[in-house]
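Structure, as structure tokens:
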């Protein structure tokens, strides 16, 4: 059965989504009962896949429908994608457990529909990561997008307009990607990534290839919310239901960056991406702008979720910049940061959810006294904050380390400066919150003992939260293993 | 804003125009797109799957995985529409309006009055009062079975002529939508209940995925229909052909149900009382 | 004259797809009304479908459904006789996706209207700001 | 508690309502299902054009499904004995109708291409009451009106009230006229 | 045979053309419906007959079926077109469009 | 003969343009509806014509049939709008409230 | 492919597209969008993509126009641009 | 030289992290809590001291924890210099925890569990810095220290504490992220390693311009060293409770900064490189400027703790100066000054705290005649002041003497003048306090003329440290030996 694992990671959630859709009508609580084992199976299977890929040290290629690649669709699970698969399934599993209560509160009589969309969303993301076919990627992208739109639009208030903008801009992004694939198809006649990669280097002179490249990349940039095209992101994440934004913020943009890495390295091949077309410098400058603007805008926000969304925008700049530095260090940093940032973002968003589990906390000023009431959540929040700032031994430091090294190696000092600047801004941002959470209600003179009732979130939320926070440090300590055994194999050898 | 938009659009347009310089000419038989992969499909599809319509063969077999997710996209859209719009709690209206269908005469029944619920003569209408239009209703009544039959024909003959699960499913859905438009949303809901519709959505996708899983259980790769040969009692090539049909039926059911779901929810803004 | 005509024909489809795409893009960026934006979105998607289908065309070929009698051994099937089916397959999927997106987008537009009682973006913004 | 409101509140409408309440009821009957099935099967064969077992089986399944679920749409109050007669008369009616349509089109075509068209036309809405009672006959009559000389049915009610938009004097004059008689002969006896 | 086909097709096209020009030339919504509703139907009828004839030019079962399908289209169009016309005119009445009449025209001219 | 069909289809296109004029510039929505309806019937004819030009009528006839059936639905839906919401140019919302 | 038809229909498509986004009445826009998809259907058929044409015909005529009208029905017809 | 693999350094670091857990769990019971703290402090000292003989033998102890980046570990290495620093800080933790108990109880402070926990964490970070084998580990514990001390600095949770805390973090973390991090990565890029080596790792790997740039990055990046103009967090951080100021701002935090700079100067740049490029003088000049300026500022301060803070700034620069002169003697002096100044300054801070506990006075102008009320405290204060000024019979003289000798050895007499001038200035701002306290009779009857000392828990530690300061003068051997050992390895290797 193990040779069918690539299919299982898609089929199991798909089937469970259908089951949820049917049985959820009958009983609300059954949704979670179906979803949890499904996600557990997915997580285990992706770990097995990951293990297999690493031990055998070669990609697993699975022919869907039994047709071998350029004709049929193939799953191409290599070091990079198996890593991201584990990441996605792990994040989802943690998130699923953590938000159980929140979901029931937020979607009272539509829980089954929500869980169906939720699982489909994750399925889409898993498929995006696993697929080796450029067009199949688009279809899966749309699954993830449409379910994402629906989940975001479920909140009341400004969510509608934010979601509408997301739909419009997201469609532009996806369509541009599709157009880019069309351009590639026009000149190569193939849709399989490996096949394209073998044909494209012979087409260096064609003007279509750079056009395809630019169009694809712009499409993906829209989807990932890189700075000048980020318009949809902050509002969508801010006004989405908290159980949705906590899932989407860690996963959507990261998966899009994964796609960018994949397209740049495995479709257009490093030769085209970094030597012939050479967009690197321009893209890195865009990333610099993204980092700086994201940080500055985050600084001016009063709403915590919005602030975090802008941080996400800045983080996107990190990864894009790292990728387009075009050297091994930078790309390693970018890939490492995909992993780290997903966990970091999950942790911080979940911490915010946990903070608001008894009292609605949106604005920064609402956080008064949060440390006293919820010490564990506060500790986790601090860990996540420290990781985002980039302090060892949390994982955020190490990816930043690689990114900065890459920037220095490429001589792109502006990128390095932007990274450092953003770290400083993050520090200011988080310590502003921590300060408020730590101080406000004790502004009277010291000496009086305040007895605040400890009102921690439910253990269902707290335990995943703590695990995720521990993951931050564990990931940091095992950076070396990750880099030498996984990421260095994921980067093509021609990149130095 | 207008000018800015125009400038952006013009810049994008000119960039793309620049990209077209190196395009192969339109309809050039020797372009890479026509010579690299597609000859394989054209020349061997019939041999591999016994389906003359190459598009169907490629859609449901060679790239069946895409189509599975295409169905899932539609399923997700229907579900999304339901999820976003459906409103369950409603106040009971003070006055119930019942229309005698053949004549178009409306009874206004105040709270507590005797309600002709089970009569097939009367239909309940809500706030918007529409006269009974004999011509439209009768024509649609006559037409709908034929539309539905045609839809099933399209699904069944996707192998030999254009069409297939999706087109047939849309026409099926359109037939029901026509019923809902010409009669009433309630009348349509009496035939296709909401919950039934939801089950159909899932069932359609389930047929598709289930076929794939069956292939998996038979020991072949996911969606490799030739593995179904022992079950269907045919040779692998015909098994592919039948597998395609099964899958298309699944797609048709799912698409029909989703189209109905979209219409139900959009036309009544989620209340599902009275449609267009 | 003939040369000019053949030049125009050679790239005409590709020009028009760009024009359509830009119409859609313009509507999505500039138009104030949400339904207009959705229409623009659909035009945008159709433009891409046009592009793909244009890739697939082949001079002197017929539609990609094999003649009866072909393929069962009596005649060989020649790739040059049939139009490239692959883009059609892809575009079927793309059309489905666009319908799905349309449904969701309209649902959201309805929700926006339900809340703000208008579909004009600027009016919605004024309402948001007033709050 | 219960009061009547409606399109028109003339007393005869109410009386009609009371009458009709007793008469009409359309439930799925076995005979209607079977007739529907055969009609659909015929259409299927026409559409399919394939006569092998596989496709015929598919056709039987499809027709059966639709006949079972939607037979009440196609036939209400099916009386089997009357069916062949009605159909025969209907088919006889069609050539006449086509001839009328052809005449009407020549007339409209003449109007369209006439340089002083505005002087020739004189649109007005004519209302009249028809003797037709059955749904099908009213429908046929209304559609025939729409298809023939310069007239369009604006409204037709069960009670036989018609409102017709006529493009000029000559088109409107003929109504209800011969057509009504022919339609009456098909369905109403 | 081909002469018959051409005649039918030409008649159909003339009807179509009349319909199109009528839509442009007629003064108001109601009168525009006359060419649109009738001439198009008739045009379609004629054209379809011509095409059906052309299809069974080379006679076999498949072509016969195809021709019958074309005729089926005509049947459906004959059923739907008047209803569509009716629906539109009904919509016009309910929307409150005033029909154009000679008297009104004269009043306007004065 | 093929040429003849080609010219016929081109002529139909030309006629379609005239209908399109009404659809684009029609003063009221209903005029547009008339225009679109007219385009629809011509499209049905054109589809068959294209089929004949391709020598594959049997493939195109299904599309035309579907088209003939479905075009009706769209027109019906659009005209149905006016049965529920009255008024051409006045704000439709007010007429809703009036009831 | 029939290039004569292709050129004419493509021009129609552009006209319909522009009209659909400029009409100041959403119902009109929806109807024009229907016309747009008719044209698209013709275009696909003419380019030999019968399946795509079929899909476009069923979707454009049967569903998407109806959905647009339904949405306009439930919202408003007014549009400022 | 012998390398011994041992887990002891890790244990020494972890012991105070581990103790945090019971501290939080039993936060309701002060006695047990303080017992735990005390046990941890003693345990830590014993652990550190147990390594002393090995170090004195000339061996080094190493311990690799985890490999986080290729060729880059989180690793500990105990050498003489680190041992010196660790010894000082762990021994003073014992004293301070005793003092803390008195101080916190005396003022009935809130959130004592948090206080003690973070105190323990800070100590652990300090030891981590002392024992770190490479720049990455050093950076890790440096940052950990920054964050761990934040709650201590802002312990009072009022507006002022908040403002100071913000300033503190901005300076410390900001400078380390903005300057140290890139400098570290550049170093890594250039050399491929970050492990400290007595000969330096940058030698021959980088152009002089880059080396100079890196030097400035490190020098100002470790803002805890308080080199001007990155000093102003220090006075601001004096809002913290006095034990915090005492331990952290006289011993742990600032000394960590200085320690880092010294480590980087010796371990990364290497004496030879600095000497070749003549960078030592540059550093020395910068340090001298800080010494003089901050001494001058200190004179104008009225708040006792603020004056002490500025004094600290100037004293820290002594250490840097000592290292920057690049002679073995002065280097030894600088290292020993870490210990000497620590004992002296902590006494002073303890005294300030004791005064605050007993009388609530913070300003020097209010302290006239206080010596009569608190004779023990003020005597200790006098001893501490003597040590800091550098007068016998206190330890300060030993380190200053060594530095002065070093300046003469290398013929840089200018710095000797700086030393002398600053000593005079030191005297000028400390002795008046003592004079006022003992000899200025109370103008008003501010203080009742009877002895009212601070609680015993407060007084005992300050007496102990004062005595230790004197003992330093008499028995300077342990520290001197360690420093000499360390300097020996630095200067022997070419």
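In order of appearance the chains are A, B, C, D, E, F, G and H, and numbering begins at 1 in each one.
Operating definition for what follows: a residue touches a chain if its C-beta (ideal position, glycine included) is under 8 Å from a C-beta of that chain, and two chains touch if they have at least 3 such contacts.
Source: prediction; values computed, not measured.
Undergrad: How many steps does it take, at the fewest, to get from chain B to chain G if each step moves to a chain that touches the one before?
TA: Shortest path length, in steps: 1.
Undergrad: Going by average Cα coordinates, which chain is farthest removed from chain G?
TA: H
Undergrad: Of the chain pairs B-E and C-F, which one is connected by the greater count of C-beta contacts?
TA: Pair with the higher count of C-beta contacts: B-E.
Undergrad: Relative to chain B, which chain has the most distant C-alpha mean position?
TA: Farthest from chain B by mean C-alpha position: H.
Undergrad: When the C-alpha atoms of chain E and chain G are each averaged to a single point, how far apart are the two points in Å?
TA: Chain E and chain G have C-alpha centres separated by 21 Å.
Undergrad: Provide the C-alpha centroid distance between chain C and chain H, rounded to the nearest whole angstrom.
TA: Chain centres of chain C and chain H, defined by C-alpha means, are spaced 70 Å apart.
Undergrad: As a quick test, compute the distance in whole Å between the mean CA positions of chain C and chain E.
TA: 30
Undergrad: So the centre of each chain is just the mean of its C-alpha atoms; given that, what is the distance between chain F and chain H in Å?
TA: 87
Undergrad: Among the residues of chain F, which ones contact at least 2 other chains?
TA: In chain F, 16, 33, 35, 54, 58-60, 62-63, 65-66, 69-73, 76-78, 80-81, 83-85 touch at least two other chains.
Undergrad: Mind pulling the residue numbers of chain D that touch at least two other chains?
TA: Within chain D, residues 43, 47, 49, 142-143, 153, 155 contact more than one other chain.
Undergrad: Give the residues of chain G that touch two or more other chains, as numbers and ranges in rising order.
TA: 1, 3, 30, 48, 50-51, 53-55, 58-59, 62-63, 66-67, 69-74, 76, 78
Undergrad: Which residues of chain G touch chain C in the complex?
TA: Result: residues 1, 3, 6-7, 10, 13-14, 17-18, 20-21, 26, 29-30, 33, 36-37, 40, 43-44, 47-52, 55-56, 59, 63-64, 67-68, 70-72, 74-76, 78-81 of chain G touch chain C.
Undergrad: Which part of chain B faces chain G closely enough to touch in the complex?
TA: Where chain B meets chain G, its residues are 26-27, 53, 55-56, 59, 154, 162-164, 166-167, 170-171, 173-174, 177, 181, 259, 262-263, 266-269, 275-276.
Undergrad: Quick one: which bits of chain F touch chain C in the complex? Just the residue numbers, please.
TA: Going through chain F, the ones touching chain C are 54-56, 59.
Undergrad: Along chain F, where are the residues that touch chain G in the complex?
TA: Per the stated touch rule, the residues are 6, 9-10, 13-14, 16-17, 20, 23-24, 26, 29, 32-33, 35-36, 39-40, 43, 46-47, 50-51, 53-54, 59-60, 62-63, 66-67, 70-71, 73-74, 77-78, 80-81, 84-85, 91-93.
Undergrad: For the complex, which residues does chain C have touching chain A?
TA: 21, 25, 28, 34, 37, 41, 44-45, 48, 51-52, 55, 86-87, 90, 93-94, 97, 100-101, 104-105, 107-109, 111-112, 115, 121, 124, 128
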